[in-house]
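What follows is chain A paired twice: with chain B in the first complex and chain C in the second.
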Partner chain A sequence: MVEILIDEDACVGCGSCVDDCPNDVYKMNEEKWKTEVVNADDCMACLSCHEICPAQAMTHKDIHVAKRLYIDRRVNHVLERMI
Partner chain B sequence: MDMREITDNIGTFKPELVPKETGGDIDDYEDALHVLMKFMGSMSSALEQVSGRGANAIVYQAGKRMGHDAAKMMEKTDDLEKALFEMGEVLGHEFYYVKWKPSEQDSYVIQKDNEVTVKLLFMDCVVRQTLRRTGLPQKGPLCYLLYGYMVGAVEEIMDVKGKLDIDHVGPNACLKTLTIKWGGK
Partner chain C sequence: MVKIALETLASCSGCEISILDLHEDLVKLLDQAEIVYGPIIMDVKEVPDDIDIAIVSGSVRNAENKERLEELREKSKYLIAYGTCACYGGITGMADLYTSEEVTSRTYTDNPSTEPAELPNEVVPELLSIVHPAADFTFIDGFIPGCPPKEQLTHDILIPLINDEAPDVPKKSVCADCQREMEHVEFDKIHRRIEGDPEPGKCFLSQGYVCLGSVTLGRCGALCTSAGIPCHGCGGPALDVLREPSHDIYNGVIKRISHISKMPEKDVEKQLYDIGHVIYGFVIGSTTMEDKQVSLIPQLVKK
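Take a look at the complex of A and B:
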């Protein structure tokens, strides 16, 4: 089962993940005005929520991470040296 | 200005029936892959610009032909589970997929009238990687390559009419619904 962690300090309560998730995994907690996970069983780890979250407030555990052969490793090495 | 000289691959070349060495290393493979990804992305966007929605049909047809060719040697079956396994072999590790269902649904396969549907979650996909490499949106013409490939393979293996609908696309996985129609060919 997928475990999804929300960093409540980082979450800005924009609700983008709630709107974007096709399987209604998230719901807006209207008291805290933060996203909460209500249906992790239906998460298919597409990670659309990661892409849309402006605060990078999510972590998905125990998922299949797709290969990322599109990454240019040499560019990454240069970036690593700069950061 | 002089042409760039490459001196690290000076050697002897002899004709051989089965080449034993490919030449190059992982960096060369990476370069080649990225160049091909850029070519593919560029072709896809140009095709869309010139042909509009017709681009999808062209790429779909190319994928379908590939699917038929790739599945020709596979064992024919009318068992969907077996066909999905066979298609996994055809598509290989670069198109790794699993069956998927919402938690409240009992079975992966849904039979309705003469149609059978199953949801497939594509986790690894070269098409998605190509689109990300070239900054193109998903669900464009290039996604129709996989659509055609899958349909071609299922038609070849099961001898039925098939279609693959894109339900959702994401950066890590895409959900698609495979529908096969009995007696529809």
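Take a look at the complex of A and C:
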């Protein structure tokens, strides 16, 4: 099972992850108007929610991210040294 | 004592002022560190040896900038590219939208607001053909984008660095700091920033304004959007945009607007205007952003 953390301060309540998740992992919390994880068991760590979230509000813990086939060496240099 | 050097290349010197904006914390910083070089705040001309942390702001526009940068690299242990100009070319990079001749003639021989003068050719350093961020010429140990990096961020980074600790600061987009509420609203017209009165409390994108918040590295406290101004992208690309080869500021904004408004991406693209300034304004000088296959920067730059 994947543990998903939501940064509620960052979440802008757009509901994009709720629409986008293929496995209905997220639901809008109607009171707080923030996204909420309701179905973490079904998460397959496709990370499409990371892609769609404007505020980078979610973190998936302990997942294996497949090594990307192409990452520019110069881009990596900047990413590693970004403070 | 940790020896710090501050250098301003082609920039507005706002980055150095942002370090002075530490106010009382500057005193705390100076307990452990000594500023040994910083032409903008002290009377010093030559770069001393054995610098521990060199903080370079501004882009490399002429031969002198390049020489200074290389000298600082040689004489320092840890070199920081401080501010968006040093990291991505920043606002100075917009000079790349014109040729060097166009830029110089506009300033000297063909300036409509002053008496025309001849182009100086003595004692001034030679202009490079395009604007470069610092990383184009030398090895950088740390990147801190921001225009300028805000004082709290500078404080949270510099104090640990001086104590030889790793700084722990957020790396999320501007949306993470923004208090406006994003909603999915159908619309078919994108407004220019000068049109109408944006509603407070509601996301600019949901109102049809071009806001770069979701594709821009934040840590600025979303100052502009809380003051009613859409994000101009001064923090450089968000790390997701930088990391993925298929992501770019331009296609990121188009996808976001199309997703919120249900407008076809093609229609959004048709309505975006002056992308050299509005979309790529702060990264046009960046080689890393230019080299992405999806980037439109190569079409805009005049070399």
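Throughout what follows, the second predicted complex is superposed on the first by the 76 of 83 C-alpha atoms of A that agree within 3 Å, B and C clash if a C-alpha of one lies under 4 Å from a C-alpha of the other, contacts with A are read in each partner's own complex, and residues count from 1 in each chain.
Following the convention adopted for this analysis, a residue touches a chain if its C-beta (ideal position, glycine included) is under 8 Å from a C-beta of that chain, and two chains touch if they have at least 3 such contacts.
Note that this is a predicted model, so its numbers are computed, not measured.
When the two complexes are overlaid on their common chain A, residue A:D9 makes contact with chain C while staying clear of chain B.
In the superposition on chain A, contact of A:D72 is made with both chain B and chain C. With both complexes placed on chain A, chain A has more residues touched by C than by the other of chain B and chain C. When the two structures are aligned on the shared chain, A:H50 is found in touch with chain B and with chain C. In the three-chain superposition model, chain A touches both chain B and chain C at residues 50-51, 70, 72.
Only residues 80, 87, 135, 140-145, 157, 167, 169, 171-173, 175-178, 180-184, 203, 213-214, 238-240, 242-243, 245, 256, 259-260, 287-288, 291 of chain C touch chain A when the two sit together in their complex. Residues 7, 9-10, 12-16, 19, 33, 50-52, 54-57, 70-72, 74-75, 77-79, 81-83 of chain A are the ones touching chain C in the complex. Taken in their complex, chain B has these residues touching chain A: 30, 33-34, 37, 94, 96, 100, 102-103, 121, 123-126, 128-130, 132-133, 167-175.
Contacts from chain A toward chain B in the complex involve residues 22-23, 39, 41-42, 44-48, 50-51, 63-70, 72-73.
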